[in-house]
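Have a look at the structure below, then the notes.
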Amino acid sequence: MREEKVKVGILGATGFTGEKLVELLVNHPRVEISYLSSTTKEPVPYNELFPRFERVLDVKCEPLDVEKIKERCAIVFLALPHTISMEVVPSLLEGGKRIIDLSADYRLKSRELYEKFYGKFHKDEKGLNLAVYGLCEFFKEKIKEAQLVANPGCYPTGIILAIAPLLLEGVIEREIFVSSVSSISGAGRKPYLEYHYINISNNMWAYKPFVHQHIPEIEEVLEELSQQRVELSFVPHIVGVERGIYSTIYINFKERIERAQLEEIYRKYYSSSLFVRIRKGLPKLKEVVGTNFCDLGFWVAENSRKAVVCSCIDNLIKGAAGNAVQNMNVMLGIEEETGLI
Amino acid sequence: MREEKVKVGILGATGFTGEKLVELLVNHPRVEISYLSSTTKEPVPYNELFPRFERVLDVKCEPLDVEKIKERCAIVFLALPHTISMEVVPSLLEGGKRIIDLSADYRLKSRELYEKFYGKFHKDEKGLNLAVYGLCEFFKEKIKEAQLVANPGCYPTGIILAIAPLLLEGVIEREIFVSSVSSISGAGRKPYLEYHYINISNNMWAYKPFVHQHIPEIEEVLEELSQQRVELSFVPHIVGVERGIYSTIYINFKERIERAQLEEIYRKYYSSSLFVRIRKGLPKLKEVVGTNFCDLGFWVAENSRKAVVCSCIDNLIKGAAGNAVQNMNVMLGIEEETGLI
Amino acid sequence: MREEKVKVGILGATGFTGEKLVELLVNHPRVEISYLSSTTKEPVPYNELFPRFERVLDVKCEPLDVEKIKERCAIVFLALPHTISMEVVPSLLEGGKRIIDLSADYRLKSRELYEKFYGKFHKDEKGLNLAVYGLCEFFKEKIKEAQLVANPGCYPTGIILAIAPLLLEGVIEREIFVSSVSSISGAGRKPYLEYHYINISNNMWAYKPFVHQHIPEIEEVLEELSQQRVELSFVPHIVGVERGIYSTIYINFKERIERAQLEEIYRKYYSSSLFVRIRKGLPKLKEVVGTNFCDLGFWVAENSRKAVVCSCIDNLIKGAAGNAVQNMNVMLGIEEETGLI
Amino acid sequence: MREEKVKVGILGATGFTGEKLVELLVNHPRVEISYLSSTTKEPVPYNELFPRFERVLDVKCEPLDVEKIKERCAIVFLALPHTISMEVVPSLLEGGKRIIDLSADYRLKSRELYEKFYGKFHKDEKGLNLAVYGLCEFFKEKIKEAQLVANPGCYPTGIILAIAPLLLEGVIEREIFVSSVSSISGAGRKPYLEYHYINISNNMWAYKPFVHQHIPEIEEVLEELSQQRVELSFVPHIVGVERGIYSTIYINFKERIERAQLEEIYRKYYSSSLFVRIRKGLPKLKEVVGTNFCDLGFWVAENSRKAVVCSCIDNLIKGAAGNAVQNMNVMLGIEEETGLI
């Protein structure tokens, strides 16, 4: 007997993240896409908007309608802009739906930080209290039971996975320097002149140093995990590649450490985490592009307490849609890698 | 009356740097390319090797022959691999030629460091004593008279220009973290599978962290300039762009500093340096690609002694051939920007 | 009860095509990769050669050994260079294996043409007689029973799919102009300076006009299908993209034709072909990259008997590995799209 | 004594073409940029809009004001959108200015064709009568004296240069198939989602087959030159490269022709044309990018009357701004290559 498939909906299905969710869920053996929404005014076949999906998906993309979502879906992915998710979440929760929110709206516990970094008063305190941070590598037990999962930001995913084990082991100083380089796809599908092919191709620049909205997320989650505060000097960059984030993390250890010890720490935390790979050397971006893996590699400086840890992910997969599917798998109690390898 | 043109030769004219030297010197109003060499066995028209130069340059590329160089050139550019330059320099010096060496052979004062990082005993002590470090922004007076100029490495150029003023002013701590991202063109024109289009495009990786051969160069030059030692944690990366280096430099100031003070320091050192631009915001790589500029931008963290300085250059121009031409202009006593803007 | 998986081997597993076969077959629900070979001298874990496959595949890549293949595989994919496949095929056929050959060795019926275009006498006449041309859209019945399938060339796949219906309907003149633009990945993973990132990125050129080895393949297959000779003026190009082939085909119709008639012809031939999509407008390359689809679009000139048909495929999937898996599915009697959507 | 520089203005200075004009004219030894306009509402330093020009150009970009242009410029470049140029040209002509118009407004002699392809009634008949088609390789004498030069379209430049000699010699059939592939920079700097980096990178598509607005331009100019009508089947494409157009042209000769004869024809017409290079093999796009060259290469099919001619240009230089500067040089009676090599 064939198992019945779980019905899932995707709100914001026409952004880069929404499109990637569709791609992953279309091929997922245990779910069925039963609802797609965007800012469209009339229902329109999704594969007319994205001809790539002709012959692959035959579902319409509709104006967002909470009642229809409640009727048709058991699980709802929110690939909506920040500050919009919290408009929709309360009624979906009321309707008993399980939610995976890919916006930033439920990631920060602190409403002050949310308001400071996202510019809007957070009105859904109840949702915030329910929300579980959706990083399976550290919060799997909570995610299993969660009704509302806050899918991590793209930069935080790779950076937290690189730092958390070291912090939990208590071996590093609190001051950490991080330089991350991201594809422009992380900035969303927007008709800006700045994102024109000619402006991105062969270009690179730093932006929002020390003030990027992902800094409080990283610091809060690391503190929750380890009860220690880190001091993150974070400088993100955009570079002309199609996909991925490469993070280079400068660590000061409390005492000299050997490469083997460092490897042991990582293996301790990730031996059962299918999607974190400890590399022998430094990782290469293209080895994770198109996958849900986070690759970690590191290098210990000779005669020093310094090391560098490099982490890379596909920003639309492990940094967004893939990680969301991983969360869904855990929530459904099925194998974590289903539909992802 | 038309001025007579200075005759210049380029050894190693078929590498990326040699080719860029040809391109710049062909258009230079005060010099004439009178000699080109490569590993070719027979003389061959340069524009057969590089059809781009048909109608533009009509000179042959020949096997390296020191006697011919002595006859035909007043100034010689060495775009040879490291450890090869020092084989040629002594006899060219003897022949009274002025030399701009783009290899690493005469950059380090310390022969121990040279041997450690380049793997070969340095046999030309005389040349080493004569050599002037070819960064016009700080050593112009010496370059004017120099017989042998050691053109800086590509990473050091952008990094030294970013750090030196701060160090000279005595305002920063000695510990500095640098993350640099470079085009693969910096690695030379080699038929390696690793440099295949498919392996580079959309890829990125870190390499040689803490151990790159440019670290001693940066540290030595900064110490010579400021009498202070810095401690550089340097991690270079390769990314799939055609040209340029973007360096992100984390600085700890001894005391809190305002943006305006920082800007004042840079303006103090670079007000008369045509090719260093202090940007209002953070620089973008593509604004220097194809030019001899080094763009600097910075950002001071709020309520902290930290700042980030970003620097970018075209690795083949300001990071190699363009800077070499700038040196030549200074050596010839002509306007520094001739042929470069 | 779980079905037993069919054991498959891939010879030449480290080329672009071999690697793509591994990627597709790893995720295929009905087969198991039981053998991989390359020019390696010692067995080595495939995921050491391609770290992308760590955690995904745990099979060694071995020196080619026909006896081991016979022991371990039911179906063998040959992703070997042209003229090498025919060295291996005879003994595999003798061993009763079913073979999908991705080289050109069994595509041409004419041994004269083979020798002319591939420069070697074809010694396996028996294999040639057995071989079935592996284009499921036209030869599915033969492929079902085939012991040896010759997987089509990358250019021929997209071009034959575009032309064959028109020829079968007898509506076009024999003279056809085709301009195709391909990714460099079609040229194989080779350490050539010509394939260096800097030489490919942002570059484009035509090569082998009128003389490319895929011309006789296209002409022979079209003649076999339609009993008509076409006269193909074919000019292939390389362009700096990572994947795909875009073919632009100029057709002269015998009589004026309407867009609707043309569409009807295509629908007649491809209504049951899952992997050929008839587009409303002209196709875009990126909509097929990463898929096994061949997208076709066309445009009829006003007041004229001319039309253009554009066809695009991912050269490594529908143009090589994906099509080979499609053939395997048909040979195994399972759903044609298994593992491909 | 230093010669006085000619004062030039650029209208539409912020598009891709306008920006390239600025870049070329800044370095031109005989002119001075004295006026720049765009759709800006207030005058703003050009190097604030394009920080690339800091230290290089110190001119403001202003709202378009015909009186100011008349005061400040001797020659005016119009890099305005089609249908806008003809609003400005009449009063500039009245003011005695010499004009190089880079829009399509004065390229077509036929006002019917203009209206059909550009969708607007052409109201400046006087200007149309004055206008000279700005292709120096064929109309140099007229350009010398012209008051109004219509700079050719990007596709026409490369295609006319490839076809005209063959047509003038009377050796080819009238039916010609052309497939051209262009960088997206040809479509202008517009904030369209379609031009987003992710939509262009690694993508390719055909558009406007048989109906592109450059078809009547090519046909009209070729007819004017040769008194013969050609029948052009033209299919343009966009591909994910930064710069350039590659045109592949299928020619049917009236009689069999040898490669040497073909070469002789081209040499006859271009021996004194500095910017047209006859290549030994087929040309490569990257050899013309960044230059004002048009490279031509060809291949004659064996035992047939067919040949292919390939032509490539940098669409922003020989296809727009560079060719406009070449026209200006001819108009000024100075060396044609000034500022262009």
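Note that the chains are named A, B, C and D in the order they appear, and that numbering of residues resets to 1 at the start of each chain.
Methods note: contacts are C-beta pairs under 8 Å (C-beta built on N, C-alpha and C of every residue); 3 or more make two chains touch, one makes a residue touch a chain.
Just so it is clear, the model here is predicted, and its values are computed rather than measured.
Think of each touching pair as a link: the shortest run of links from subunit A to subunit C has 1 of them. When the contact pairs of B-C are matched by residue number against A-D, A-C or C-D, over half are shared only with A-D.
With each centre defined as the average position of its C-alpha atoms, the distance from subunit A to subunit D rounds to 47 Å. Rounded to a whole number, the gap between the C-alpha centres of subunit A and subunit B is 40 angstrom. Averaged C-alpha coordinates give centres for subunit B and subunit D that are 37 Å from one another. Each of residues 199, 202, 240, 242, 284, 286 in subunit C touches at least two other chains. If you check the complex, the residues on subunit C that touch subunit D are 177, 179, 181, 199, 202-207, 209-211, 233, 235, 237, 239-244, 246, 248, 250, 282-286, 289, 297, 299, 301-302, 304, 306, 308, 310, 312.
Those residues of subunit B that touch subunit C in the shared complex are 16, 184-185, 189-193, 195-202, 240, 242.
Those residues of subunit B that touch subunit D in the complex are listed here as 27, 51-52, 54-56, 274, 277, 279, 284, 286-288, 290-291, 293, 341.
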